[in-house]
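Step one of this worksheet: look at the structure below.
As written, the chain order gives the labels A, B, C and D, with residue 1 at the start of each chain.
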Amino acid sequence: MLRKRGGALAAIAMAGVLALSACGGGGEDSGAGSGGDGALKIGLAYDIGGRGDQSFNDSAARGLDKAKQEFGIEATELEASQGETDAQKEDRLRQLAEGGYNPIIAVGFAYAGPLGKVAKDYPDVKFAIIDDYTPGTDDGPNIANLTFAEEQGSFLVGVAAALKSKTGNVGFVGGVNTPLIQKFQAGYEAGVKAVKPDATVQVKYLTQPPDFSGFNDPAKGETAANGMLDAGADVVYAAAGGSGSGVFRAAKDKGAMGIGVDSDQYNLPSLADVKDVIITSMVKSVDVAVYDFIKSVNDNAFKAGNKIYDLEVGGVKYATSGGKIDDIQPRLEEYKQKIISGEIKVPSTT
Amino acid sequence: MSASGLAVGVQETVAPPRRRASPMIYFLLAIAALLVVSLVRVLTGAGNLTSSGTVAAALTAAVPIALAGLAGLWSERAGVINIGLEGMMVLGTFGAGLFGWQWGPWAGVLAGVVLGAFGGLIHAIATVTFGVDHIISGVAITLAAPGLTLFLAKLYFTDAPGGGQKQSPPIEDVPHVTIPGLSSVLGDIEQQQWFFVSDLAGLLRGLTTDVSLLTLLAVVLFFATAYVLWRTAFGLRLRSCGEAPHAAESLGVNVYKYKYAAITMSGALAGLGGAILAVASSQFRDGQTGGRGYIGLASMIFGNWRPGGVAAGAGLFGYTDAMQLRGEGAVHALLLLLGIALLVLAVVQLRAKRYVVAGVATVIGVLFILWFALTDQVPPELVSAAPYVVTLLVLSLAAQRLRVPKWIGRTHRRGEGG
Amino acid sequence: MGRISWRSVGLGLAAPVGALVFALLVCGIILSITGHPPFDVAEDMIGSLERPRTVANSLNSATTYYLSAVAVAIGFKMRLFNIGVDGQYRLAAMLAAALAGASFMESLPSVVRILMTILAAMLVGAVWSGIAGFLKITRGVSEVISTIMLNAIATALVAFLLNPDRLAVTVAGSNNIGTAPITEGGQVPGIPYSESSSDVFGLIVLAAVVGVAYWFMLNRTRFGFDLKATGQSESAAVASGVNVKKMVLASMLLSGAVAGLVGMPQLLGASHSYSLDFPAGLGFTGIAIALLGRNHPIGMAFAAFLWGALDQTSNVLDLSGVPKEIVVIMQGVIVLSVVIAYELVRRYKLRLEQRDVGRALGTTKTPEEAQA
Amino acid sequence: MNVAVRTGTVHALVGENGAGKSTLMKILYGMQRPDEGTISIDGTQADLSTPADAIAVGIGMVHQHFMLADNLTVLENVVLGDEPRGGGGIDFKAARAKIRDISARYGLGVEPDRLVDELGVGERQRVEILKVLFRGARILILDEPTAVLVPQEVDELFGNLRELKSEGLTILFISHKLDEVLSVADDITVMRRGTTVASVSPGDVTARQLAELMVGSALPVPELRESTVTDTPVLEVDGLTVTAPDGRTVLEEMSFTINAGEVLGIAGVEGNGQAELVEALMGIRPLQAGRIALQGKDITKLSTRKRRDAGVGYIPEDRHRQGVLLEATLWENRILGHQTRAPSVRGLLLNRAGARADTQRIVDEYDVRTPNIDVLAGSLSGGNQQKLIVGREMSGNPVLLIASHPTRGVDVGAQAAIWEQIRKARAEHLAVLLISADLDELIGMSDSLAVILRGRLVASYDPKAVTPEELGSAMTGAGEGT
């Protein structure tokens, strides 16, 4: 009985095998190189979430869109799927490289390993990776590492939180407990303490990796924020991707304040109904980085290696939309200058 | 292979169900439990154990899970295992996103229900008409649903204002109700931090303040389910399909029809759970359900296939989850609470002459109390495991008197009875 | 006899082929409705198999999927539903990675290191599933619930351990965090495949060995007989002298041990460290593949490859602007339609067989006797 | 096939297992569609495609295997499908009253609020009859209603039937117990291989003639020839006490001995502890107290497997539950229960060749009708499955055979074969514990007889000197044993 079933299942694989033998044996490295007529052909590989995640993938997309418009270039965007392996990421990058895309941008640190391998095989193609600089795995001569000083921006919104808080008690809701988000937390805590050394910072991560649903679960965000607000906080920083909307909703219900992340969340259409509680956002200008990178390639000014987008170059900043922090802006600027000048060193780990 | 699961004969070693305890006993038990919680609250100062905020959050967290559990109950009472709950919930969140954004939350809820029911219908076609193993069908649905919704989301939401490839534009919330006057009075009492009284006030306040109409709908559905399944002809026939379909058929009951009805209803309820989740979160997001369907399934087994039990299971989970999300301090206090609860259980088991269980409960209980006494906090990474650990502990140490519907997971073919 | 076997071959093929055609049809319709020409999509996907790399990656995915499916199937054969393969392999991979990356391992011969790593993974997987097995036989806790809970608890435990203060190391500048990388002596070299840039996992051999062992265990050993007997009829197994509780524990341990292997090909063949981007969710894929392959060692191998190939070829779809979720839909539809097709063919075959048996014995059997 | 049934009579339908009686009944009850032919009731042709149709025209059926949901109450089982409505739900009050009323009128003694799970066999049957009456059926079909009853209960049932008949109800009675048929039926139709072979009236035939009409040949008789009882004890049971999970004592202080070459028959109404006794002896059910010795060796603490290895063969009461794996081949079923013994296994591995060869031997010796040994056990008829089980349990030279209803539900041919095998093994000094509901079989096949009542052995008889009636009254606690 079982034998028959197994044999029968062969048919399924048959289709695949037939396809293999019929079409097998194409060259691996054919078609590399650039588009030919001079115009750039950009390949962009997103991390999980992709275009439309209202977060850093989206930000990257904005940069791409801007570059597209400006330079009249062609672009293809690919996206990672949940739970995939490095091999799949590598394959994605290779497909782009094979397809003649140059430059290729990988969004997210998860591409670090795969990118290192692919870049070696395509020395003529220019690569960029967002959010990662790991010497040894992705530091080839044709790789630009675009990283951000999230802790610096977070420091400033921490300052804003401390200044705005009446209770001396503020909250931090992290989406998923990863080193990247811990950077946000470290900067934020430092910023708060810089203003009010005895202030309380409540910290909560919604989920633990590999459960990344913490970036997508507004209900959890709302519960966590409510807990903080009930415990006396009156400003909550939502470094939690899509779960942030729940944080803002809680703040709105309780008459508290929220701080957004990644983009200027005050202006996001999806958060229109809670925008009046968003006093500021820690803007991480992935779009600027992507645009700059494309421009550098377009201008034949590509530079490999780590490019840190920090406060100084406007890679991270605090948003002022809504005018909720106009009163404290001078103080913020003051801190900003101190960071830029190196007077204040912002820690990147907690 | 079949889905009906292995019994291992464990349930044979426990007492048969006694006469159902009177409501009074449950009431007294609840009071006793609250007393213990209150005591722990006073000892640890972890106000979050009984604050109205925790209770309200627990209620909100419990509703989608409870509805998933209720969905499982409908299906399994008719003899069909529904492991596709997660997938049907996903369909529900998507339906709410698609319609809620354009035509308001109630339209969204309705769409979620309809889409969930559609998922249930597919499960019914596969398991009832084609006699497919229930687990396979459920897994297939759980597999395909996120794919389908994501596919459609890219189509419909990408260019919508405020939407994205993986999320819908914002949905308005439904109205919330508060019992006027009561809330502030209870709030005052809660502020006093009196032993027991404040805790009770917190509990009541959490249940009466700013409650979403959808939460009320869920509560109504629990009572309605209990009524329909246990007091009406429809319910009797439906349950008979899960107990002895051949007997039902021999009395002219159209087993297929009732199974179809039950599974479709199951899908509808799971869809509703998803829709409520989406509306409460103000939007559909890919991956939003985060395993709540499975937790719902667990709460159904936990609740012994009865609505009250499902509610209790979902409530326990929602409570622990809300507590861990609201602050780590409460989880530390939870260690003490668990320790005490285990010691109480040990005494109960000792009186029932179940020495092994009593011993194990004592040991674990003492370990929890030691953990509480020797540390200041539970490592934050471990805190998120609290609801799961608590559920597992309760299941392992509480007496298991599971009464699975007899014909669960088995295929019934028309005319093959007897 | 010859006639019958031809017929059964035909019928056996009818089910999967019919189901595949049906699944293709459903996906074709969805694609057409949404404005993507289905034939172009199919061409793209099949075309991507021209690249040896896609084949190599498909094989690699299939390797992990297969191990996961076998772990699930061991439970299924006993009617135990081990949803916990996911948590078991993640915890196992994490702890095994920590062991393999530990500095004291450096001095050991390569073979010993690899063996120790693999054994450690099996042990951890077995312990984690063993908890569910133990709770089932002592307290009657449904393994469905306990393994769901244990998955979540494993997640928390891994997060707790994956901390620089405990088992993890961080690299400056990287946003990743993981166990110390396994040095070359602890890695399993890949098998070069055609002109592919990525090698086939060396541990594909391990998957094959596990498959053969699974087959041998089921069909050639007393233990396997007891396992199958218990799955088919617990009461008959008990009457025949099988100690069901022991079997439950044994099969849960075995299932967990195999689950522990799931992460090994990826860990020792590619990642060399358990970090944030280590693939998750393979346990759930394993359930689908075990079901699709009907718990049969060969069937699951085909199913795993089909699954891997669908996953890998889907990458190409984004290039042509087709949402690659179509592949996920297809996978779901395939599982369901394959099973429905099998059921229909089974019923048809049963009718034929009854007629044959009846004819062979010169008597007609009443349907209820045949059913019973 | 043709049958005509007169209104207000008891019409018996007799035939061997597999003669098509049950199929006919299912067709009459709308559970199966006939390929051809028509059914008329009171002259009007009825189209019965579902049980609901049958119920609508006044046909009610009491199935051989009770169609009851254990987890539901009696009331729920009775009203299912025909619920009295009221106040938006089931009118439980009205239903309860009606059930009490019917129960009182026909002396059924059914309590509506009990769980069916808690009821005994006789009570369950009365619930089944009540179910039918509740629906106001005018035509009752009873499928082998006496199979699980003791003579006294049978008499009660027949009393009920006569009462029903006197109220104008028509009863179609299916049985293969011919003396019962002769005592209760007004008309008899005999079926064989799916056709009617005769329609007779009870006054015109003897049981013997009827039987030969049924089988088409002479009947086998259960009997032992000369005594082979030795004085070597094989099974010694001493003070055996078993409690059910709910704390109820199901076996109390049971002691007996079976010697080599002896068949000990246990008579009793089902549910009096037979199943528990068998399971306790097999090591499936834990003992509260007592000692079991096999050939002088204490096996009380041994596992089922060790007991089997020590030479205990087991023919279970319900072969589908405990005897065979329906989805496994015949040769795999040969291994079942012999997983530790040659020729099925070699060390820790299966010996497929050995198992197959031995299966072929059993198939030949025990006349198991099958095309080959690779077919699934489920595709064999019940009788052939049973022969396979008997053959399997007799292999490996057991010293003790526990045979629970060894010939239940098998045709006469298989019955005779199984009896013959037991006789043969007994002559080779096998000790047999025989449990059966068929008193003729018990009396004919036992060297000594014991009666079990409420978990105790209450009487013992010499089978040569006892009548079924005497046994029956002892089984219900009414008679006195010696």
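Note that a contact is a pair of C-beta atoms (placed from the backbone, for glycine too) under 8 Å apart; a residue touches a chain by one contact, two chains touch by 3 or more.
Because the structure is predicted, anything quoted here is derived from the model rather than measured.
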Selected pair, greater C-beta contact count between B-D and A-B: A-B
Longest centre-to-centre distance from subunit A, chain (CA-based): D
Chain centre separation (subunit A, subunit B; CA means) in Å: 34
Approximate Å spacing (C-alpha centroids) for the pair subunit C, subunit D: 45
Whole-Å gap between the CA centroids of subunit B and subunit C: 29
Residues within subunit A bordering two or more other chains: 82, 177, 207-208, 211
Where subunit B touches two or more other chains, by residue: 14, 291, 381, 384, 418
Contacts with 2+ other chains: residues of subunit C: 152, 155-156, 159, 238, 294, 367-368
Partner subunit B, residues of subunit D touching it in the complex: 22, 26, 29, 31-32, 50-56, 61, 63-72, 76-77, 79-83, 85, 88-90, 131, 135, 245-247
Subunit C residues touching subunit D - in the complex, by the definition given at the top: 219-226, 228-229, 232-233, 235-243, 353-354, 356-357, 360-361, 363-370, 372
Contact footprint of subunit A on subunit B as seen in their complex: 48, 51, 53-54, 56-57, 60-61, 64, 157-158, 161-167, 169-170, 172, 210, 277, 280-283, 285-288, 290-291, 321-322, 325-328, 380-381, 384
Subunit A-touching residues of subunit C, taken from the complex the two chains share: 8-9, 11-13, 15-17, 20, 46-47, 49-55, 57, 60-61, 90, 152, 155-156, 158-159, 162, 170-177, 194-198, 266, 270-271, 276-282, 292-294, 296-299, 302-303, 305-306, 309, 311-312, 314-316, 318-319, 324, 334, 338, 342
Contact footprint of subunit D on subunit B as seen in their complex: 12-16, 227, 231-233, 236-237, 239-240, 243-244, 246-254, 403, 405-406, 415, 417-418
